[in-house]
Structures are given as structure tokens and as C-alpha cells.
Amino acid sequence: MNKLRLGMIGGGQGAFIGAVHRLAAALDGQYELVAGAFSSNPDTSRTTGHLLGLAPDRVYGSYEDLITQEQARPAAERVQVISIVTPNHLHLAPAKLALESGFDVVLDKPMTFSLAEAKELAAVVAATGRRLCLTHTYTGYPMVKEARQLVAQGTLGRIRKVYVEYPQGWLSKFEEGGENKQAAWRTDPTKSGVAGAMGDIGTHAFNLLEYVSGLRVEQLCADINTVVEGRRLDDDGAVLLRLSDGASGVLVATQVAAGEENNVRIRIYGEKGGLDWMQADANTLLVKWLDRPTEIWRTGGPSVGSYARHNTRTPAGHPEGYLEAFANLYRNFALTLQAELAGQPAPPEALDYPSIEDGVRGMAFIENVIASGHSDQKWTEFTV
Amino acid sequence: MNKLRLGMIGGGQGAFIGAVHRLAAALDGQYELVAGAFSSNPDTSRTTGHLLGLAPDRVYGSYEDLITQEQARPAAERVQVISIVTPNHLHLAPAKLALESGFDVVLDKPMTFSLAEAKELAAVVAATGRRLCLTHTYTGYPMVKEARQLVAQGTLGRIRKVYVEYPQGWLSKFEEGGENKQAAWRTDPTKSGVAGAMGDIGTHAFNLLEYVSGLRVEQLCADINTVVEGRRLDDDGAVLLRLSDGASGVLVATQVAAGEENNVRIRIYGEKGGLDWMQADANTLLVKWLDRPTEIWRTGGPSVGSYARHNTRTPAGHPEGYLEAFANLYRNFALTLQAELAGQPAPPEALDYPSIEDGVRGMAFIENVIASGHSDQKWTEFTV
Amino acid sequence: MNKLRLGMIGGGQGAFIGAVHRLAAALDGQYELVAGAFSSNPDTSRTTGHLLGLAPDRVYGSYEDLITQEQARPAAERVQVISIVTPNHLHLAPAKLALESGFDVVLDKPMTFSLAEAKELAAVVAATGRRLCLTHTYTGYPMVKEARQLVAQGTLGRIRKVYVEYPQGWLSKFEEGGENKQAAWRTDPTKSGVAGAMGDIGTHAFNLLEYVSGLRVEQLCADINTVVEGRRLDDDGAVLLRLSDGASGVLVATQVAAGEENNVRIRIYGEKGGLDWMQADANTLLVKWLDRPTEIWRTGGPSVGSYARHNTRTPAGHPEGYLEAFANLYRNFALTLQAELAGQPAPPEALDYPSIEDGVRGMAFIENVIASGHSDQKWTEFTV
Amino acid sequence: MNKLRLGMIGGGQGAFIGAVHRLAAALDGQYELVAGAFSSNPDTSRTTGHLLGLAPDRVYGSYEDLITQEQARPAAERVQVISIVTPNHLHLAPAKLALESGFDVVLDKPMTFSLAEAKELAAVVAATGRRLCLTHTYTGYPMVKEARQLVAQGTLGRIRKVYVEYPQGWLSKFEEGGENKQAAWRTDPTKSGVAGAMGDIGTHAFNLLEYVSGLRVEQLCADINTVVEGRRLDDDGAVLLRLSDGASGVLVATQVAAGEENNVRIRIYGEKGGLDWMQADANTLLVKWLDRPTEIWRTGGPSVGSYARHNTRTPAGHPEGYLEAFANLYRNFALTLQAELAGQPAPPEALDYPSIEDGVRGMAFIENVIASGHSDQKWTEFTV
């Protein structure tokens, strides 16, 4: 089986998420990075390409060059998939051009700068028939997939309550003045959009909640704060949720929980039992019951179903981590595209990657939650 | 040093919390249970008294009898402290009569049936000059006391965020129809008051939050639910909080988190660091920092301050649990009363037990949170 | 039901374990401490007795006085049970005298100064028909009892492997020169006997292993070390074990594991599954299976059997700790004695306390393990 | 920078560790797999090569063909590194031929079939000047590297005690009769050598102990068992250790701990403090102190040193797992080889991969520990 030829937009030296995308794409040997426009600064792009061992003529100074020049290459040589890892305000244009030029796209989250842009992109996906994978990493964890399956199979009975939280501490101080590029753009409304923490990590929490529970947020009531003086976007928030099918929930996302790393967690309770998963112990899913002892379900362990197994590489007890979860998105996207190339249907486990629909809902979440934060009205309808 | 002579109102066979009060009072040998009106059913009261080894003439059929007849005994013999462990609607009358008859009182939470009753009781405490200890158990844990001290000393800098949660699962089904006495009265508005879960465990969470943070709830926005069909009071809720000094928070209390035991937890974050305590690992306080590794502070371990040490009985590594925490309330109350009897000032560590003021605020919480639950307005002022 | 009248030998101010015994005896209201010879220093004894609220005429200056003078009191008034909490070299004489004078005895571990003494005491117990409870605390934990039951019921299949460990760090430095009374006598061969760590905590580990597994140590091979310079007894050891029924095991006990508290732990594996219990998470028993997820069995939780339930005071989720475990020994001993007084058979759950036989085996362990430590021969027969 | 061209011997479909090597080599984009002799069955080899996207003319039917035919290719095209992932009895011959043919070698552990073979291989490495990396995975974890650094820097003072354990449960039943290829060869003395569990996982534990502590095993006393009936090699063992510099230790490795996954763990104690690391929580290193709270050092977190940082790919809180640890071996080996190709000295962090010396000591461990298991003598000298 031939590797998919991958191009990357963004991800020059010093960027965080570009490197993660490259690691994730490399792990399973299903992609070969052959081209890149790593930075709007041509020197940075060139240096990055050199360090990555790319042919100099496939390192570009702009995303337009990458797309148009790759398109001009022979079909057997040109990139097939383009990963876009730029800040939010630079998602739509390259994604649109890539799709319209016939490429499939991997796009970092949140999907776009605004909900309007998200809808525009959805229209392009629909019109072109190309595929888009949005990198909501946490849904790539085997035990998150297991959680979703257990809920979908009705193991917990009707769902009543969902708690999702994403506490970080890295923006506890005013970091955006200096060298910290991540802090700079993520707190800049011209680059991030209307939300800070809610866009950066709140969307992850939101996506995780809808993915695992299979429910939809219908109404929300948000307390959105900018805690650190001088900051221009929210760095903290908590949201009450009314979910479909009569359930309710709470979503917490903060970047000022001093001393916290990245411990995204979801707990979900139904009539018969509950589930508890957290990234800090990512290979464990606690399965709780009304009337018998809690069980520790483990990546690769007994009882887990086909989705979790499909997304696991090693036997139980060999911890799989963040990069493996991220790689699962790339891998499933590759399996889907390869099936398409082979004219075969992709298995459902392969099709289980975050898509354009997730992206549109994520952007809707951002706009709804920020609106609710500004509102004196208790409940805001979740509109898309 | 002579033991304090203790009488008990409520706590007959089959009751849960009465037995806990007796264990807690017994542990440190500072009380001797000598009298009781354990039930409104005289037979039950008598049997309970017999099993507890009380003299038959000090087992009473009503709280009035207990109070008046004990008062008639010689000073050196009559009870000095009365513990009231009846359901909420039967708190005020015996507490009032006991205080007015010159007895000090230990009272289970929530303090009364309503806020109006709480204020009435506060007036009685003020008028009589007697003392009242309210059994908010969780503030008796050594590491909760340590948390409060660390915050009070400014170790975390200004507090920004407080998360408190109390998930239980024991009311996941409709339990109140049958033999389960606890379920019966705790879900009965004529006995519990306007709140179910919010009164039973929400007040614990609220008290823990104000105790540890030293902050006050100023505004709240509540989502209050009755999840189980047929139930007459709330069994689930989540509350957004605006706290004094610009902080904010989230309070979660639920009794329908299937599979959860009793894992009350508080996390608090300031400018410089954070704290994390949970009952399931009660002898550990995680102390988190912006720029150095998280520390595991332990009951009896190095670094802990005078309040935690005062409330610890054994060297580090010998787990102290719920009964020890509960006993700390009784013990501190005894030390305070003994100091008073000896005409000496009680040390601050002894005075650190939940008081009438905590009780009034707890009842205000109940009424405010239920009102907010019914309101379409986002923020409700916390009024007392 | 009347309380049992308790006398105490040892446990004056400054002692550690005497206070623990008093807390444990008090918790369940089944004993009333009425007499004591708390110290060989009459002033210390008197002061301790005063602080504990004892009548001055029942505070004695020697154990002989306590025993003989209490025996001279009317039956309805004199002590019934005597707790002996002195250092090891002062166990046999008071225990013997107490038993021969008709009292039942609670005795701290290790049982005596030597195996010869242990056998002598066993003969006295047999001859007098009185009862003796040895305070191997850890077997009082509900989940340790559950572990024993699961093994006894064959849930794990035939047992193959047992690991028991007891790491402490408090003797990492030379502590015995100064104020630390605990360090002083526990490292003194004239007071502790032939073993230091192996006697102090190794016997606990040994007792736990035989209690839970139901197996007997048949051969051992020990590496016994004195790590801290100047120390006169062992402070560290590790032992390979051959157990009855073809099983094998490892026992580790050390007092120089710097930074460790008191985390005694046992793991046991059979053909079908395994168990894991540790004091640091005392209310949890991990139950592992060959072919299904690990389960978290909890004190007070679903599935636990009659022995664990009998030794539990509160519903699941209210942590029970070291003092409750210790109190379970006292409580079961009291239930046994009360049944005897009432002329009724004690239930098996009450009879489940560490006895003279455990004590004899514990002393045999000490002598065998120290002998093995000195031997060049690999396997030493476990002889009693 | 150009990728290193990699060839693989072994690792056909159905093999476990071959796939792991490929994932590990791929992750960081420093190798390109270009050739393979995946199986002695040419069909299997061909199919594997095809699935991996290799050119058909570089998929070989034997290791000899691979080595000789690759050597015949132009220097710019032929493989540079050869990974050998066959069972133990098929390590020496291909490794020797590869090294003698000028290739650098990655070799799975244990290094060879016997100590004699190991010494032979060491002589070849010395004679050829080629490099060899032995895949003792666990030393690739960032927090294991941090542990080693903390010990080396004297942070804990002189080391006194080391406990290392590797419990597994997967061989609790007789698995070797059927389809389970892993069980088949790992329990077969003609393929594994003189040891089963001690070779498969005992060597990992031994290597981890010597790597972290910096000490050397000098004497050992082993209890080696074959627990499962019909098995031909050991499946369980425990070993007392005398270490250099006066320290001592215990090593446990078992494959019959029913319900255990793969939880290799090391604890090490010195005069001033201790360390605790386990694979199940691989991103945490507990750092314990005599006189202050235990600290939780984390991958990517504050305080960690250059070796840990060098082996970390993502910010703190993004769990890195087994594959990342494995990939660190490949990555450091690549960095070393690339430095060599560039005529530059490799940084010490790159040179920190398990080497031929580790392999020789590992094989010596196997032979010494099995000999001790058969011996009646208590202590066996560790000879190489």
C-alpha cells in the first residue's frame, strides 16, 4: 500500500501544533510528508523544510504556491492531503482553496475564525465532495471511543448528566507580551476570533461531550471571564447545559487554574451507571454501576469493543498517549481515503474521525457561549 | 478532666446520622452519653437507650421531657450538651428549648427547615449566650483545615476560581416509596424543606467552599433538576457562583450520579497556585504551583500547620477518616466548652468548628439556590 | 448492654500506641476505661490518669498493684479487660499475671520478647481459659477481611503468589540518641528483642500474609540489614518465602525507605485472579481477573461479604481509617466477651480477631527470619 | 536532514514487537524503512513488505539475502541501519553479519541466546566499530531518565535500597500449546534460552535497576519458579540483590500475576529521599523527601532536567507512552549516527541509549539468576 503524500501549511519552527501533526502523521507510516508552506516567512519555511528533509522545490513561501504548484505536478507525485495548522484566522482561505483544488484536508481546531466562515467551508466541502478531518484529538483516544460505544449501546440507560472539564494553568499570568508565540496569538482577537479559552479548549470539551454522549447541546448559560488583567479574550468559563433527550450538564474550561496541566475529563451518568475518563490516566475508563463494583476498563484490555481495539496499537499495559490519539485521527482519515482510492467502502471504525459537522457545531458553540456570557438572560438557545 | 455529659435527641435504631454522632462523640473520650430521647416512639427510644447502656430513667419519650427533666437534675449530674439529630423540620424547636434551658447544642445540618427558622435560632443563640456547633463534617478533616490555612496565609495569592462538587448516586432510582427511611424523609418537602439534594449535600459543598476559600458567595445562577420521576424535591443541581473579591466558582451537587459514593471535592486556584482535596483521598492535599512540581501534603506529614496538626491523632500514614473528621467537630466543641468551664480562653484551633453563622448562611444558600433554579434571570443576589 | 470495664498497663503521656488503644476502645462505646498503671513513674501515671478523668484511687504505680488491687474490688466494679501497651520486654509478666488473675487481655504486638516467652504465654492462656487479643491492626480493615474471605471462598482459585510489603522511612537517620522515645526502645535489643524492623513491622506483614492467604510460611530466605550506622538492630529486610500448598511469596519490611509513611500493602494472585490492598487507600480492594476488567471493591459498597460489612460503620464513601480498623479488634473482642458473659456463642465475625496463635507464629517469624538473615544456607525451615 | 535508511529482519505479520519497532522508528521521521526480510517464509515476508509499501526488490526471503544484496547497492541507496526483531535464538547470526557488513544495528532484547553469544557479539562490535542499540524500552521514558539524573546528581544521597518489579499475568494459563505465537517461542528453551520470565521481563527489570541507580548487581539470591504445569521455562521469580556501594535490593518478575498488565515499577531510596516510577503512570515521577512533602515531577513539567526534556515531544499534560519511550531509543540512536555521519560529536543525551554493554550484563543476569535459582547456596556472585 502506498503512503499518502502529505503537504503542510503552517507549522514552521517554534510552532507547537505543526510538530504534533507531523508526529501523528508519521507514526503509522500512512503518510509521507513531501511538501510544505511552513511559514509566511520564506526563510522560516525553507529552513523548516530542510530540517524535515523535503526536496527544496517542494518547500513553498505561501499556501497559494503550495496548492497551485502541487496541483500542477503529475497526479502520481503531487500531494493528496493537505494539513493546515495555522492560527484560526488563517484556516478558511487555504482550506477552501485546497478543497476546491481537489485536495483532502486535515484542519486544526477550532475550525475557522467565525461561525459564518465555518458554514462557508461546509458549503465548499459539500460542493467539492472532498473530505475534511478536524483534529479534535481527544476523540482519538481508545477509551473515549469505548465510552461513546458504551453509551450508544445503552449500557448506562438513558443519559441524565454529563460533566466535562478542561482545566489548564498556562495562562495564569500575562504571557502574551513577550516571546510566547502560543500565548500571543491565542489571546489575540484578530487571530483567534471572539473567544480565547472557550475557542482553544472549550471547543475540545464541547466536542468531547457531544461525541461521547451522542446528545446535543440545546441551551446554555455561561459565565465567561477574563481573569488576567490586560488580556483581550476570555481565559476562563463555566457553562450550564441543557442537552437533548432531557439530560443536563456542566462544561468548565479555564486557562488560569494555576498548576494544572491539561487534564481534560468527562463524566457521564445514566439510569444504570456512569463513566469517568480523564486524559491524565488516558488508558483507563472507569465504568460505574448502581449495584456492583466499579470496573477499570483499559486500553487493550478485556471487554473493550471494536472501536477501541481498532484505535489501539499495543497490548494492554503499554500506555498509549496523546500522540497516539492524535495519530488515530490521521490513521482513520488515511484508511478512509485509501478505501476511497481503492473503490471500497471504508469500515465504520475508519469513518469515525471529527468532520466538518463537528467543526460547524464547534464554531456555533463559540459564538453561543460568548453571547451567553454577555447576556443577562439565563438560557441561550444553541443556534447554528 | 471530667467528661462532658451528653444527651441526644433523635438517633433511634435505624437512623444513620445518630449513630455517627455517637461514634464521633465517643472517640476522644470527652463526652459521656448519659441521656436520650431517641425517638418519638417511646418503645424505640427505650430500646435504643438500653442498647447504649443508659440508665432507664434517663431515656425519655420526647425532647421536652429530656430537656425539662434533665434541667431538674442536680448541676453535677445533668447533661451539659445536647445533640440534635432529627430530620430538618424537627431542629428548631428542640434546639431553641435546649439553648433557652441553658444547654449547649450540637445540631446536624442543614440547620433548620427554613431561613426564617435559622434567623430565629440565631437570635436565640445570641440572647442566651449558649454555644451551638453545626456538624458540617468535611471542615473537620485535617487537610481541609490545612487548605483553609494556606489560603488564609496568602500562599496561593489572590483566589480566582473555586470548584466544589458533591456527587452521589444513591437516589438514582425512586427509593422513597419503601423501607429506605433516609430516602423517605430527605425527599419529603414537609420534612426536608424546600430543597432535596441542595439541602442535604449542596449545603455541605457551599459550607466547604466558604470555609476553605474565606470568600463569600455574592451571586448565583442555578440549574436545579428533579431527575427521577415522581420525586418531590430536587435531586440534582449545578450552580455558577460569583464570589467576593472578584473570584468566581462552580458548585455541583447531585444524588443521581449512578455509581458515585460520596466524593465531595474542592479545588481552588489563586494567582500563584492551587489546591485539590477530595474525601476519597482525605489525607492528601495536592498543592499545585505555577512553576514547580505539585506537592502531596499529608495528614500528619511535614509542612502542615497548627490547625491540621491539632485535628490529627496519629502519625502520618495512618489514614484518618470520616469519623475522625466528625469527631474533630465534637472534640473542638468540647475543648471550647471545657475552656469556658475552666474560665480560660479557648485556643483558636478549638474555636474552629461550624457555628450558628455557618448555619444561617447555609439556609440562605438553600433558599437562594432554589429561587435561582426557578428564575429566568441569570444572576440572583445571595441574600440572607 | 453494660460497657466492659477496661484497665490499661503502659500508655503514659508521650507514648504513641497507648493513646491509639484508648481511641480504639472508646470509639464504639463498648469499653469504659476505669483504671490504669500508665507508667513505672508514679507521677506520670497519676498525671495521665487525671487527664483521662479516672478516679485517683484507680490509677496505680505498677502493673502488679493494678492487677491485685482491681482483683480485690467487688466483681461488679473491677476491671474486666486489661490492655497492655508497654514495650515488648514488658509484655509477658503483666499479661501472665493478668490472665492468671482472671482478666482477659488485649496485648500489643509483637506478642513477647522472644518465642520462648510466647510459648509460655500460650500455655497460660490454655491453662486459664482466659482470652487474649493481639493488636495486629491491619487485619481489622474491612477490605482486608473481604480479601481473606474471597481467598477462602476460592474466588481466585489456588493461590500461587503473595507479595507483602511494609515500607517506612522514619528511621532513615540515627534517631535513637535523643528525644525520640519510639526510636529509642524500638532499636534497643534489651527492649525489642532480637529484631528491629522485622519485629516492629515485619510481624505485621507476616501476620497479614498468613491471615489473608490462609497459607502458612514453611521456608524462608532472608536478607536482613542494618542500614543506619550505629543502629543495634535491623532496620531493613527482604524475605523470599515458600508457602504451604505450593505457593511462594516475598515479604519486604524496611524503616529506611526515606519519604515513605506507613504504606503496608498485600497482593495475592491465584489461578483465576488477584487482589491488591494497601493501607494508603484502605477502603479499596482491587479485584483482578484473568479475562475481565479489574473491579474496585469498596468498604460499604456492593458485593462485599458479611465479615467486611460487620466491620464497617458507615455507608460507602465515608472513609474508615486506621483507628476504625484498630477499633474493630477491640469491638470484636468485646462482642466475644459479651457473648461469653451472656452465655451465648459469639458469631464467627466477632471471633475473627488476632489471637495467641497469631502471636506465637509472629514470634516464630521473628526468630526464624533473623536466623535466616545470619545464615549462609538458602532456605531456613519455619519452625515454631 | 536525510532520513536514515532502515532494514528490518523479522517482524512479519502476526509478530508483536516488529510492529512496535516500525512505529517507533517512524514517529520522529528519522528513519525510512526501505528493506526487510520479515520472515523465513518468503510469502509472509513478501506480503508484509507489500503492506508496508516497500519496493518488491527490497523484500528478501532471508537475512543473508538482505544483508548481502543491500551491501551490493550503491552507498546512497542501501540501508544504513538494520533492526533485528527475531526470537532470541536468531539474534546473534544476523547481528554479527550485519555489523561485519558495515551496518549499524538495532537489536531487540534479551540480546542473545546465551552469555557466550553476547560476549561474541560484543567482540564483533568492538572489532567492527559499528554501533548497536538494544531496545530496553523502559529506559526511554523521560521520567526514568529524570530518575537516573536525580540519582547521579546525588539528590537522594547515597543509595541504600532499590526495589524493581515487573508483574504480568498473561502466562497464567498454559498458553503455549496453540495459536499464541508469543507464548510459544517465549516459553521454548530452544528459542528463548535458559530463561523464560527472567529473560523476557526480568532482564528489563535488571536493566532498569542498573540504569536508574547507577549501581551494579554484585550478588544475588533467586527463587525461580515454573508455576504453570507443563511449562518448560520459569514463569516467575524473585531475587534478593546485593548491589555495589553497599546498597541492596529486590527484583520481582512474574508472568502469572493474574490480572496484571505490564506494570514495571522502580523505587529507589537514599539517605535523603526516594523515587517511585511505574509504567502505568509513566509521566509521573514521585520524588520523596525525608522532611518535606512528596513532589510529583511530570514529563514536560517544571524542574526536570536536560535528559528528560530531550526525550519529550509535547508540553506537560499530554501523556507520552510506550511508543514514545521506544521511539526515544530509535531517535537517540539516529541522532548519534547522524552526528557521526556529520563528523560531529553526539550530545550526551543522544548517546544515552542501551548498548552492547547493557546487553552483555543482561545475558549475565539471566545466567546468574537461573544458576542461583538452582543453587542451595544463598548468595551467588554476579559474574560476567
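Each chain carries a letter (A, B, C and D) given by its place in the written order, and its residues are counted from 1.
The rule is simple: a contact is a pair of C-beta atoms (placed from the backbone, for glycine too) under 8 Å apart; a residue touches a chain by one contact, two chains touch by 3 or more.
Just so you know, these numbers come straight off a predicted model, no measurement behind them.
Engineer: Would you mind naming the chains that touch subunit A and likewise touch subunit B?
Structural biologist: The shared contacts of subunit A and subunit B, listed by label, come to C, D.
Engineer: Subunit C-subunit D contact: same residues or different, taking over half shared as same?
Structural biologist: Looking at both copies, the contact residues mostly coincide.
Engineer: Across the interfaces A-C and A-D, which one involves more C-beta pairs in contact?
Structural biologist: If we tally the contacting C-beta pairs, A-D comes out ahead.
Engineer: So the centre of each chain is just the mean of its C-alpha atoms; given that, what is the distance between subunit A and subunit D in Å?
Structural biologist: Distance between chain centres, rounded to whole Å: 34 Å.
Engineer: For subunit C versus subunit D, what separation do you get between their C-alpha means, in angstrom?
Structural biologist: Computed value for the inter-centroid distance: 43 Å.
Engineer: Between subunit A and subunit C, what is the gap in Å from one C-alpha centre to the other?
Structural biologist: Each chain reduced to its C-alpha mean, subunit A and subunit C end up 55 Å apart.
Engineer: Taking each residue of subunit B in turn, which ones touch at least two of the other chains?
Structural biologist: Within subunit B, the residues that touch at least two other chains are 260, 289, 294, 298, 301.
Engineer: Given the complex with subunit D, which residues does subunit C contribute to the contact?
Structural biologist: It is residues 156, 160-161, 163, 167, 169, 172-173, 221, 223, 225, 227, 236, 238, 240, 242, 248, 250, 252, 254, 256-260, 267, 269-274, 288-290, 294, 375-379 of subunit C that touch subunit D.
Engineer: List the residues on subunit D that touch subunit B in their complex, please.
Structural biologist: Where subunit D meets subunit B, its residues are 286-287, 289, 291-298, 301-303.
Engineer: Under the stated contact criterion, what part of subunit D meets subunit A in this complex?
Structural biologist: It is residues 1-3, 16, 19-20, 22-23, 26-29, 33, 50-53, 168, 170, 260-263, 279-283, 298, 301, 313-324 of subunit D that touch subunit A.
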